[in-house]
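Order as written gives the chain letters A, B, C and D; numbering starts at 1 within each chain.
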Amino acid sequence: MLLTPILVIPPAAALLCLLVRSRRLMEGLNMLAFAATLALGIRLLHEVLARTVVTEWKEFFYADALSAWMVLLISAVSLGSSLYAGRYFRRDLAAGVVTAGRVKEFFVLTPVFATGMFLVVLANNLGVMWFALEATALSSVLLVALYNRKTSLEAAWKYIMLGSLGLALALFGTVITYAAAVGQNGNGRLPSFNWSHLMTVAAQFDPRLIKLAFVFVLVGYGTKAGLAPMHTWLPDAHSEAPSPTSAMLSGVSLKVAIYALLRFHILTTQCLGTGYSRTLLLGFGLFSMLLAAPFILVQSNLKRMLAYSSLEHVGLICAAIGLNTPVTIFGALLHMGYHALTKPVLFFAAGNIHQTFHTLKFRVIGPGVVKVLPVTVLFMGLAAVAAMGLPPFGLFYSELTVLSGGFAAGRTFISSLILAALIAAFCGILKQLTRILLGARKVERANDATAWDGVPAMGLLVGGLLVFSVWFPEPLLQLIHQAAGIIKGKS
Amino acid sequence: MKPDLFAILLQTALLLALAPLISGCIRNWKARLQNRRGPRVVQPYFDLIKFLRKDMVISEHASWVFSAAPYVVFITALLVGLMVPMVTTQAPVSLFGGVLAVVGLLALGRFFMALGGLDPASAFGGMGSSREMTIAAIAEPALMLAIFTVAITVGSTDFSHMVAAAQQSGWDLLNPAHLMAFVALFVVLLAETGRIPIDNPATHLELTMIHEAMLLEYSGRYLALMEWGASIKQLVLMAILVNIFLPVGLAADGSAAALGLGLAVFLGKILLLSAAVVLVETVNAKLRLFRVPDLLSAAFVLATMALLSTFIFH
Amino acid sequence: MDITPTTLLPLTLMGYVLGCAAGLLFLRHEKLANLCSFGCATLAALCGTVACVMSLTAGPAAAPIQLQLLPTLIPYVQFTVRLDPLSAFFGLIVSLLGFALSLYSLGYARGFYGRKNVGVLGAFFNLLLLATTLVVMADNAFFFLMVWEIMALSAYCLVSFEHEKPETRSAGVLYFVMSHIGTGCIMLGFLLLFQASGRVLGNYGPDAYSFAGFHALTGNVSWLSSGSRDAAFLLFLIGFGVKAGIVPLHTWLPAAHPVAPSNVSAFMSGVLIKTGIYGMTRVFFDFLGTPPMWWGVTVLSIGTISAVLGVLYALMQHDLKRLLAYHSIENIGIILMGFGASLMFLHMNHPLLATLALIAGLYHTINHAVFKGLLFLGAGAVLHATHTRDMEQMGGLAKRMPQTAFFFLVGAVAISALPPLNGFVSEWLTYQSLLQGFGTTDSLLRLMFPIGGALLALTSALAAACFVKAFGITFLAQPRSEAAAQAHEAPLTMLLAQAVLVAACVFLGLFPTVFLQVLDPLTQQLTGLQISQQLTLANGLVLSGVNQNGGTVSTLGITLLGLCLLSIPFVLWLVFARRAKTRIGPTWDCGLKGLTPRMEYTATGFSKPIRMIFKALFRPRREVQREYDFSPYFTTSIRFEAHVEEVFETRIYRPLNRWVLWASRRMRALQAGSLQAYLIYIFITLLLLLLFAL
Amino acid sequence: MNHSVSIEIGSQIIMLLAALMLVLQLLLVVQRMLLINIRLFALQSLMLTAIATVVAYYYNATHVYIVAVLTLVGKVIFLPWLLNRLVRRINIVQEIEPLFNAPTSMLICGGLTLLGYLVARPFTTLHKLGNNTLAIAITLLLTGFFLMINRRKAISQVLALLTIENGVMLAAVALTTYGMPLVVELGIFFDVMVAVMVLGILVYRIRESFDSMDTSKLDQLKG
């Protein structure tokens, strides 16, 4: 019994939060829940390493290396953002930006959101995976709309419309896949819709149906994963949501959607052989990267810029998987991990800046944030350096690994394009952040009360990032290698 | 080819003794051509002695650089002199450096002279330094290129080797390459020694003077060293010109007869060249400062063409 | 424990790490931070210097030292350090300068007390030293790229140390952006090599990234197709060229070097840009095998252009540090002239000349590191004393800070390539190689050599002019401002540091034949020859060209002879002038009542003739505003402004930047905010994919 | 009775019903009165229910009956009622001018139908019940999508979304022989319900802070 608790604890926490009144208790419950899932995740990691697959409830829940990796990421990021949420909302309440009811809403919905993601990565049945994803979408929509500002409502509206449209398409793809699975044999009993089962019979599927299915799934889940040109909701939602939510959206929920996409990618590869789905992934990944760069370069809003950089990273991950060599896929998974540890920190810091300056517009914030929020800027600087793909942080390794893999596979031109996009994004982020973080500014009053806001959360993640950048534990490495093997498939 | 002390002393003496005479001749002949009686040929010697005896006035603004400059100028001029063959094919310390060292040492002297000009905080000095350095800067490439044309054909930057090679057969001044190089070098010579049409050694009108402007604040023995150094430099440059392109009568060995002959021939050549200089100075007017580059770039082009022709006749 | 490179190298690295840690540890106590971090740096750099010297003098027989710093993290990364002669030579440059600069910083950092956090400065300074040391010693391309980026990052942080000034921030960004683009090129280059070597080795493991592996493969002709070889050459040329600051990739350099703290700008100008040179040496001579002709031609021409343009722009500056920064461009150009010639000789299969030219380049590399470091330290001392970088505000400092003035003068003489100091020696070698090069080929290309030589002459003459201006305007005559009048001599450690570098200048200048032996293992590694014996005559007194008829020079001899000749003025004094007296009097002022500083020649005025001569390049603009009460003949005040245009910035970079931003803004129209539009994007994507899936 | 024959009949019935769904969809595209739109949607859902029933009857698969019932309760009765309430609450009667006028829309829909058939052509040969519904399902999907693009009012966009859902369900029920596993069906059903709830909530909030339902006014977030 390992997967079930992971899926039970967060909703339980959500229920309790619904009942209790004290805000601190809710915070505690959230943290506790995610700490627990993180611990379970680590155990799961060892289980998976021990016996490649962990299943429960007659294979209804199914965890292989890939799922275990995702579970770790989800719990880590959720823990981080629940750590951060406490101080964040206390300040918001003090400023009267939100009502206590809304805060409760947050603490109830966040575990639900997380549960959805856990279910996505642990469900064996593709249909279940779909509605789990829909659940994450619905819960996060309400979180995005939490502030109930005009802009946040607009963002939420676009998010829900595009999101559920995408999911409808994805569902259609899923259905067609199932139809393909049912295939010719019209015999009496209902075939299982478990991914593990489909993998075994994928070879006999009708290739044309699978092709069709993958198109819909790609567009559908691609929308949720924020692949260009279906990404348009992403900057709005990420910039309008409260920072802890932005962190979770950017840190994991995109990657969870990618995960869903990957399951189908593996299936398709199994059926059609390499070449079809991986080309599509490569194309969309590259397009996302190339599209993101100019938007970063001339962005005027801090959190939107971060959102676009997420688009960039997601693109890189997809492109790397599209390159489809063990090394690039390994790099992509590594990148997922490092990015999950990096991006939330940036959003937390952005949150602090937002609460201090009451705006996210670069022009209005003006230079010299470092004089007002030195600690925040320190963490933001570290995270930004990491996000720009500079050593000694892990993203440098993962990016260079991907490029090396690309060159090793002889995809010189594609890899060069990737590098170019990365450089462009680098320039943008550097320019924008230097513009606001550094510089002179008259500090009206040194506010020590807020100086250490969010430091535990940021410290946790940045610490993890630093540790994993210089020392990578062996089991984790094995896990990623296994996961890469799964994605690469037999072919 | 170890530098032997005797040769060094001899040549030093020659430089010290001959240099003022040359400037004296030039001044005197120039006067003659202009229908003036002009100063005696030996006047420079008297001047030097006078300067040496006189008290010095040093500007209150000047620092130690001001006092260091004259010595550097004087010494570098002498050093350069020792690297160039005058009466013997073998310059005393040619081992210590050739063309490049000569150019470098001259630049060193100029460097300090310019600093000395700036040091007393007078506008004239600054103007002089500025112009001197500018002209030197555009003269130097022409000089280098011209000497390269010779050095390349000889395959050495060492004056002694150049002269030695020049004495071999198959070498003639009429080789177009060398003719052009010669002309180029002659122009550079005018520039380096501060002659009309580049500079006017006789003037003390601030708009026209270059070299003089830097010496304006110098007096007494410092002035003497400066003047002497300048005339030595002039002698050396002339020696280079004549000995490379017209290497007749240089003493191959240390025998008295050879030396005597060499000295005589050398004197003849130098005086001939001085006459040429005088002629040029008399028939030309001084150029405007911003016309000087045209002249020097002409020299540069000449030198380049010289190179090209060696390329053709190689 | 015995003193060997193997034991000293880890000490050095540890020292830097400690220094970094100390800086961060004592963020709150600036005195402690200053002492600990820069103290550690000083000691570590000293160890490094010793280590490098030892391994260079160990003789060619000694096997290069290898160290594994960290366990392999993920595929490809292998933190191995290898101290072969080339690394040791550049390690020497880094450590020597590092030593002097850390010493200097101990005093210089005091200037920041109370204003800025010295701990941060110390930490990043140590990090920079560490990264740079590792850059020249890394033995694995992946590791190299990593430390290369860390170096750039820490340099960025140090450049923007005084980030309160807007121009500092923009300079920092410009530097980091260009440097990162360069890094991108280098990365691509190494990836190409990696691709090729992996193909040959048959596996794409970390070995496919190891420098030793690349070197080993150069024997194998087929490992790089000529196409990718040329591509790699260009990529590396651009990548390392940005770091080295070659024209036209130099624009970041004059922007970034001046705004950094002086100890940092000294390091950047002295060492950081040399890492670019290191990269080129490593790649062009060690990895890419026999070069085609056009490589050499390209490098030689770029070198020449950089040299001439660098010095011309330097002449136009009146910001002391900016002027020095432009001179870095010039000297990089001179170094590359040597390299270019060397590459050409390699192609024409004249290893001897190739070696000579290479030596010329390398010799100038260390020389420039030394005297440029020295000059920047001097400039730092001046800045420290007068709080301005503007030469027009200085003057008269030779009286107020005599030691600094003397040290700066030595640096100025050295950089102007005047005998007997080191700049002259390396340029002499360059001239020699160019001169000998003429005979090597009959193609018209050989004209490049003498013309290059002539332009080199132009360069050094202009450099001399520039430093007459720099020294004269800054240190001589009357002070032009109150600050200059109040200037005071720099503290002891700063003077010591400068003295160290002066000593280095003198040594490299007077004893070239001794130093050349150090280069033997290096040339052995790169061209397979050792020619220090051939270059030495008269048991070490005289330096000669490859064939001793080609020309000889002896800076030591010149110096000694000059000292002897000093006796002549002395004798003259004895004979004539013993009774002559010396008075201190006013400068002749044309009968006005006293000279004021405003009557002095200014820096701008000094360089005016050159500005006029090279009008076409500078496109000078001047604005004169005169104010008068009732008649223009009685002007009350005149404001004169002269600007020169920096062609590459105004004609290439600004328009490019503008265009990119414009294009990006146009792109933003895609995200116009209308849900309908977004739906249409998805719809069209879907339809296209459906057709694709048919 | 002869099973194969009955299969034939069954598939013909299904085709007929599916075709009717398509027709209703096209009507939705041209119709601008919101209340009528809602009714049309309800009717379409009814067709879906019927199809489900037929499938369930022919394969006497109980869980498909459940699906049919759920669809009937949810999409034919509950959702229309909910939307009606919404519309009356924020009394707006009809869609403002859409992006494309009626004729153009019809043309586009025709094109999309063509595309649907084009895409589905390879699979019309599968020998099983309702094999041809794929074409119609895709067409419903695409036209629903187009409807969504074409409308500006939030409510009608929700409606469009629901018609897309219908298309998907049609495929789910008819194409996959006898529907998906029950758990999936239930999950999907409840998700749709919740989705509509959430949308409703948002619509309220937007309504009260923008006092308009015109989503084309939601364009503050740019770049």
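We take it that a contact is a pair of C-beta atoms (placed from the backbone, for glycine too) under 8 Å apart; a residue touches a chain by one contact, two chains touch by 3 or more.
These figures come from a predicted structure and were not determined experimentally.
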| item | value |
| --- | --- |
| Shortest contact path, subunit A to subunit B, counted in steps | 2 |
| Chain nearest the overall C-alpha centroid of the shown protein atoms | C |
| Most distant chain from subunit B, judged by the mean position of its C-alpha atoms | D |
| Most heavily contacting chain pair (counted by C-beta pairs in contact) | B-C |
| Mean-CA-position distance for subunit D and subunit A (Å) | 31 |
| Distance between the centres, which are taken as Cα means, of subunit C and subunit A, whole angstrom | 44 |
| Subunit C and subunit D: spacing of chain centres that average the CA atoms, whole Å | 70 |
| Whole-Å separation of chain centres (CA-atom averages), subunit B against subunit D | 101 |
| Sites on subunit C at which at least two other chains make contact | 668, 671, 675, 679, 686, 690, 693 |
| Subunit D residues counted as touching two or more neighbouring chains | 119, 145, 148, 215, 218-221, 223 |
| Residues within subunit A bordering two or more other chains | 157-158, 161, 165, 169, 212, 235, 295, 298 |
| Listing of all chain pairs that touch each other, if any do | A-C, A-D, B-C, C-D |
| Residues on subunit B engaged by subunit C in the complex (per definition of touch) | 2-3, 8, 12, 16, 49, 52-61, 63-65, 71, 74-76, 78-79, 82, 93-101, 103-105, 107-108, 110-111, 114-115, 118-123, 125-127, 129-131, 133-134, 136-145, 148-149, 151-152, 155-158, 161, 216-217, 220-221, 224-225, 289-290, 293, 300, 303-304, 307-308, 311, 314 |
| Touch list for subunit A against partner subunit D, complex | 125, 127-128, 130-131, 134-135, 138, 141-142, 145, 148, 150-151, 153-158, 160-161, 164-165, 168-169, 171-172, 175-176, 178-179, 182, 184, 186, 190, 192-193, 206, 208-209, 212, 235-236, 239-240, 295, 298-301, 304 |
| Residue numbers on subunit A that touch subunit C, as the complex places them | 157-158, 161-162, 165-166, 169, 211-212, 214-216, 218-219, 223, 229-230, 232-233, 235, 280, 291, 294-295, 297-298, 327, 330, 334, 367-368, 370, 385, 390-392, 396-397, 400-401, 403-404, 407-408, 410, 412, 415-416, 419-420, 422-423, 426-427, 430-431, 434-435, 438-440, 470-472, 477 |
| Contact set on subunit C toward subunit D in their complex | 668, 671-676, 679-680, 683, 686-687, 690, 693-694 |
| Contact set on subunit C toward subunit B in their complex | 395-396, 398-399, 402, 405, 409, 413, 416-419, 424, 427-428, 431-432, 435-436, 438-439, 442, 444, 446-447, 450-451, 453-458, 460-462, 464-465, 467-469, 471-473, 475-478, 537-538, 542, 545, 549-554, 557-558, 561-562, 565-566, 568-569, 572-573, 576-577, 579-589, 595, 597, 599-601, 605-610, 612-613 |
